[in-house]
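Please find the structures below.
Here come two complexes built around chain A, the first alongside chain B, the second alongside chain C.
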Partner chain A sequence: MTKGTGAANGTITSGQLSKLLFLFSIGSAALLLPTAVVSIAKQDSWISMLLVIPFHYAFIYIYLLLHKRFPKMTLAQYAEKIAGVWLGKAVTLTFVFFFALLGGLVLNNVTDFLSKSVLPQTPDWFIGGTFMISIAYAVFLGVETIARTGEILFAWTLFIIGLISFTLINQMHADNLLPMLYNGWSGPVKGIYPVLGFPLAECVFLTAILPMIKDEERTKLKRMIGWSVLLSGGVGVIISFLIVSVLGVEEAMRSPFSVYEMAKSINIEEILVRVEILVAMVWIGTVFTKLAITVYSLVVMLSQMLKLRTYRSLVFPMCLLIVPLSLIVYRNSIHAGTFALEVWSVYAVLQGVILPLSLLAVARLFDKKSAEDGRFPEKTPKTPVSAGETADKQG
Partner chain B sequence: MGPIIACVLFAGAMSILLWHQNKKRQQIKEGVWAIVFLWGAIAVIVAKLLHLPMSPPTDWVAAITAPLYKPIVAWIKGG
Partner chain C sequence: MFPQGKTKTLKPKAGGQRESPMARQHEAQQMSVYEEMPIDPSLASMTERLQEELGQSADLIVREFGGSEPSSAKTIAVVYIQAMIDDTRLDEFIIQTMQEDMLSGEEPEKDYVRMKDKLLAIGIVSELKTFKDLFEKLFLGYAIVLMEGQEQGISAHIVGGASRGVDDPKTEMTIRGPREGFTESIRVNSMMVRRKIRSPKLWLEQHKVGEITQTPVAIMYIQGLAGEEIIEDLRDRLQAIKIDGILETNYIEEMISDQKWSPFPTIMYSERPDVVAAALLEGRIALLVDGTPFALILPVSLNAFFQAAEDYYQTFQMATFLRMLRFVSFVIALLMPSVYVAIIGYHQEMIPTQLLLKLAAQREGVPFPAYLEAFLMEFVFEILREAVLRMPSAAGSAVSIVGGLVIGQSVVEAGIVSSAVVIVVSFTAIASFVSPIYNLGIAARLLRFFLLFAASTLGFYGIALVTLVILLHLSNIRSFGVPYLKPFAPFYWKDMKDSLIRVPMWLMKQRPQKAAEDDNIRQSTKLKPRKEPSQ
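Moving on, here comes the complex of A and B:
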């Protein structure tokens, strides 16, 4: 699809969706999450990451069940069908706030990382502003463009993660992983808590993307999403395992970007060194996908709530809003750590799991379903010229 | 004062651009909402430039979810 093809935003395949889901799940979490999980589960953090996989699929299964009832509608549209117009709009408004806040938080992560690690003298607003220009362009072009970008980034992400995992083998210390389950299962079970919100419950973005799946691809959807969940879960386990075994628990807990720190220790006979910038590149790529999907979900839900014919008019204003939002979401890094570790999970689960689950329960109770096509029109309809006006022109 | 005037001028110029672009495509409602959100964004930027006291939206979330997250965090930290 090119940018001139009307108000619709294209269709994607199940494979593209599963790659987007993988990149979204890895997203900002790959660099930031291990520190949070290690601080709770210590050396058993990789077990927490393993335990979280079924939860990930369970959350997504709720969205799939809703999608089965309303195959061509987003959450903003079926919320109105299920809960009534005004209550539905109120529900959508909470999602709009959720995605706007998520956009601000993700952009804050990018600016924080780049200003601390790579561009220390560049102001945060400039880093955020320039990053948002590329996001605005991607969202403006539509989900199809984001999905194709995701396909390129997917291969690179897997390659870099594979390369880094392989080159870190000589730095691993099995002693760092011991004693295993020293406090029983309570440590790994508690370690699940930050992961439930970041990134599991954030996957509610799927409710805005699922209607864009091509009709003939819908049969493969469950299988592809299953593979995506397994792959992102597997990568999470490998990263946690490597961080603890290479850096040790104390070091992993201290560093805000432990994966980046871990990549600094790669040294293959003084030939392959300083490859941490590869981690930064991949991370920026996955965060780009996450932010693009978040902003896309935000503008789609907002425009459907307002009954607009296209979401594109709102892309620029919402991107402009997210930049200052990213600068005010946290007071300082301590506030950021506390919020991400303690508060976000509960809020994200309420918004991304409990609310869709309630909608599903009501839809099942009152047997509400609809095959109506809620997608944006392919071309913006022209206003018909009235008979009187035609006569005037002829006259 | 310079950056604030620049922001307002930028918003004015963008509003005219958004209005004309949407009017050309017969999307009056879309154009109006885009301008409303644009001015909302500019208001936040100006408030930030003027160092007006703004509580972070994360504080609102923390306040709303406090009855839920505090017991969970206490359980996690409790051992």
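Moving on, here comes the complex of A and C:
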């Protein structure tokens, strides 16, 4: 309708990307991961979280290197350049499956958490369905909107995490953290294992979003991502530190949502009590971002694989697919625990690290590079769009 | 009626933009007849024609002058609309001149020039060639001088007539700060802004909007500070408006805003010249419309709706505190009833035990579930509010007694509604009035019901979900290309100085971003008050 409106509804800044990365990394992991890590690394779980940070950056570095070779393309597009059209499409298809499954898992986390802790009588499909409607709206509006929403959620998340950590100081028992490194370094090192898949390797979503960075922002990209990795790693360390020191190892291992349990113990003079709903609200925000980005990456890669002109037509079908997927993805919580702890890391690392790494290796070997602009045509003033629409109808 | 003009063939335009079929039809009915119709040199037929066009309207005055002889034909006519002109000036500077017989009557060309340049002692005088010009001036309150044998007329600016004087702004009160508010006259309004910004860079661009009302609309901006693209964009949008009448700024606001369906206002209005001046200095654009004391300000972000003029007229600590307060009030106005419903319905464990017992005691015997109570009371409150706004002031006390005492008190005493709900609803109501710009409160008022519904079905999860969707919506919308949540998202660190916080004046070194990229030094950097070195 106007010149300014929506013309740039598809570019984000480095800062926005790094905030998205932070929210994604915190994502569903903040609530679920500590239990897994604590059960392996016991009281040294915060050391595991510390050790994870370099891995996180190393994984992302692969995507950055690929991004450098193909600055305006997503993985779906440069896979075809690197491996040839059909093999490339096959690679993309594995990512499509990966993101669809990831979407199902994340949605399952949401419904599982909410039905277990807040809304015991509401059926899962209803929670999942309503959540997915808002996700579909977000993805439909585009990456720029998601990024801006992410900026607000980022501030909100940091604020609440700060508040929670601060109010928990009087509940901390430092002796819960002792003895440190009782079994040597093997515990903390083993504790890295579940984190590698969830959420580190999932950050492969970056390959779908990196081409959306504004040109003038690309110089800052590495630094901002570095900060983001440090911050999310730091939050991970703080959370696992708090959990063990407040709840103790035993209780932290037993409770499925240990951060939520931890927030329940906040008690300032009997006035500020039971603020765990704040944790739930933050968590809904971060999971929302994570799922929105996941679905976005899914539909973007799928539509690029199918060579569609826009991804928007795929949003609703994919969202409809993810809701039932989330209901059947786990049989029960034992299944969930085993899958998340043992299987997912292998699969996610294969998908999020090995595949991009081999793509990178091949690209380096044959020196493949392309500055081609593979992004979707932007939502520009109405005339060309409506012209396109009419052409669509005629064709 | 007017003779029908040429009807345009309805060509489907490529791209269609904002041309709805109705708008195109409208264009066909436009009164474009006058454009081709020159002024008739014959005075008699001209005056007759004018009378006829106006349907012999009683307030069209045609005063004719001729020679001194009884038989001499009339050679000059003065045409005006009664009460739209200033009678004293008409008598003194036009009628008197006409009566003095200073024209030779032999050389009409010379007479015309003499009349225009020498005789009319009026500041603004211009030539009219067509009926279109003539009517345009006539209905603005000019006097039109027509002469026999001339294909031009002369318009003389003696605009007068009753109008409201400059008065206190009624909607945006301040304790400290200028006391004048806009009036209904666009010229007076633009004058008031110009009196604050004495710069040749303050540009004013006048348009006419409204096919029948021909309402003057002025775009005001500081050249160099306001974004060129936005001005151009605004111009395009104004020219695209095809509507019968513009009676208030909202007619324009709804036609030009980016977001047709959003409850959130993407254009701000103000009644205060100082607010408009401040907005202009920030590189925004003001839109003045004749006939209303409100000016539109654009582009604005959500941020602007939490700022009042007075923030800049008192200490920065207080301003910051008040802005936070307004923001919190907005959140309360939006969320409080739904949070109450969610807590009572789903999360009773969040309430401290003592309070829970109190609430439970109150709710004892209340026949409705909490959400129904809240809906009910919200609804009653909205009715009361509307009743109080619209009724004649004499009935005011009756309604407030019935509304406040009878409904508020007895509904609780009768045990139909718990008093907690009454407290929540009334507190929400008060909070919704805190917003300095009234129409942001409207968004909160409407969305509150959605949130109530979500809270009653899904508890806090529902609230979180609807809030997320609102947040998405806010992140998505723009005001003339400027993201609505700027400077929070996209985050601009430098613009934080004047957002929810207001830093001291001496720290506001740069103009808001994107107003003018290359020239953004607002003030010298060495203004921070410091101790005298000699002490």
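We adopt the following convention: the second predicted complex is superposed on the first by the 369 of 395 C-alpha atoms of A that agree within 3 Å, B and C clash if a C-alpha of one lies under 4 Å from a C-alpha of the other, contacts with A are read in each partner's own complex, and residues count from 1 in each chain.
Quick note on the criterion: a contact is a pair of C-beta atoms (placed from the backbone, for glycine too) under 8 Å apart; a residue touches a chain by one contact, two chains touch by 3 or more.
Note that this is a predicted model, so its numbers are computed, not measured.
Student: Determine, under the contact definition given at the top, whether A:Ala280 touches first (chain B), second (chain C), both, or neither.
Tutor: second
Student: One more residue to check, A:Val343. First (chain B), second (chain C), both or neither?
Tutor: first
Student: Contacts for A:Glu151 in the overlay, against chain B (first) and chain C (second): which applies, first, second, both or neither?
Tutor: second
Student: Looking at the overlay, does A:Lys368 come into contact with chain B only (first), chain C only (second), both, or neither?
Tutor: Neither partner.
Student: Touch test for A:Lys222: chain B only (first), chain C only (second), both, or neither?
Tutor: In the superposition, A:Lys222 touches no partner, neither chain B nor chain C.
Student: For chain A, give the residues common to its interface with chain B and its interface with chain C.
Tutor: Touching chain B in the first complex and chain C in the second, residues 382-383 of chain A appear in both lists.
Student: Going by the contact rule set out above, which residues of chain A touch chain B in the complex?
Tutor: Counting only chain A, the residues touching chain B are 40, 97, 101, 104-105, 190, 193, 303, 306-310, 313-314, 316-318, 320-321, 323-325, 327-331, 335, 339, 342-347, 350, 380-383.
Student: Can you list the residues on chain C that touch chain A in the complex?
Tutor: Chain C residues touching chain A: 14-18, 229-230, 232-233, 236-237, 258, 346-347, 349-350, 352, 458-462, 464-465, 468-469, 471-472, 475-476, 478, 480-483, 485, 488-491.
Student: If you look only at chain A, which of its residues touch chain C in the complex?
Tutor: By the definition above, chain A touches chain C via 1-7, 13, 15-16, 114, 118-119, 122, 127, 130-131, 134, 137-138, 141-142, 145-153, 155, 270-271, 273-275, 277, 280-281, 284-285, 288, 382-383, 386-387.
Student: How about chain B: which of its residues touch chain A in the complex?
Tutor: Touching chain A: residues 14, 18, 21-22, 25-27, 29-31, 33-35, 37-38, 40-42, 44-45, 48, 54, 56-58, 61-62, 64-65, 68-69, 72-73, 75-76 of chain B.
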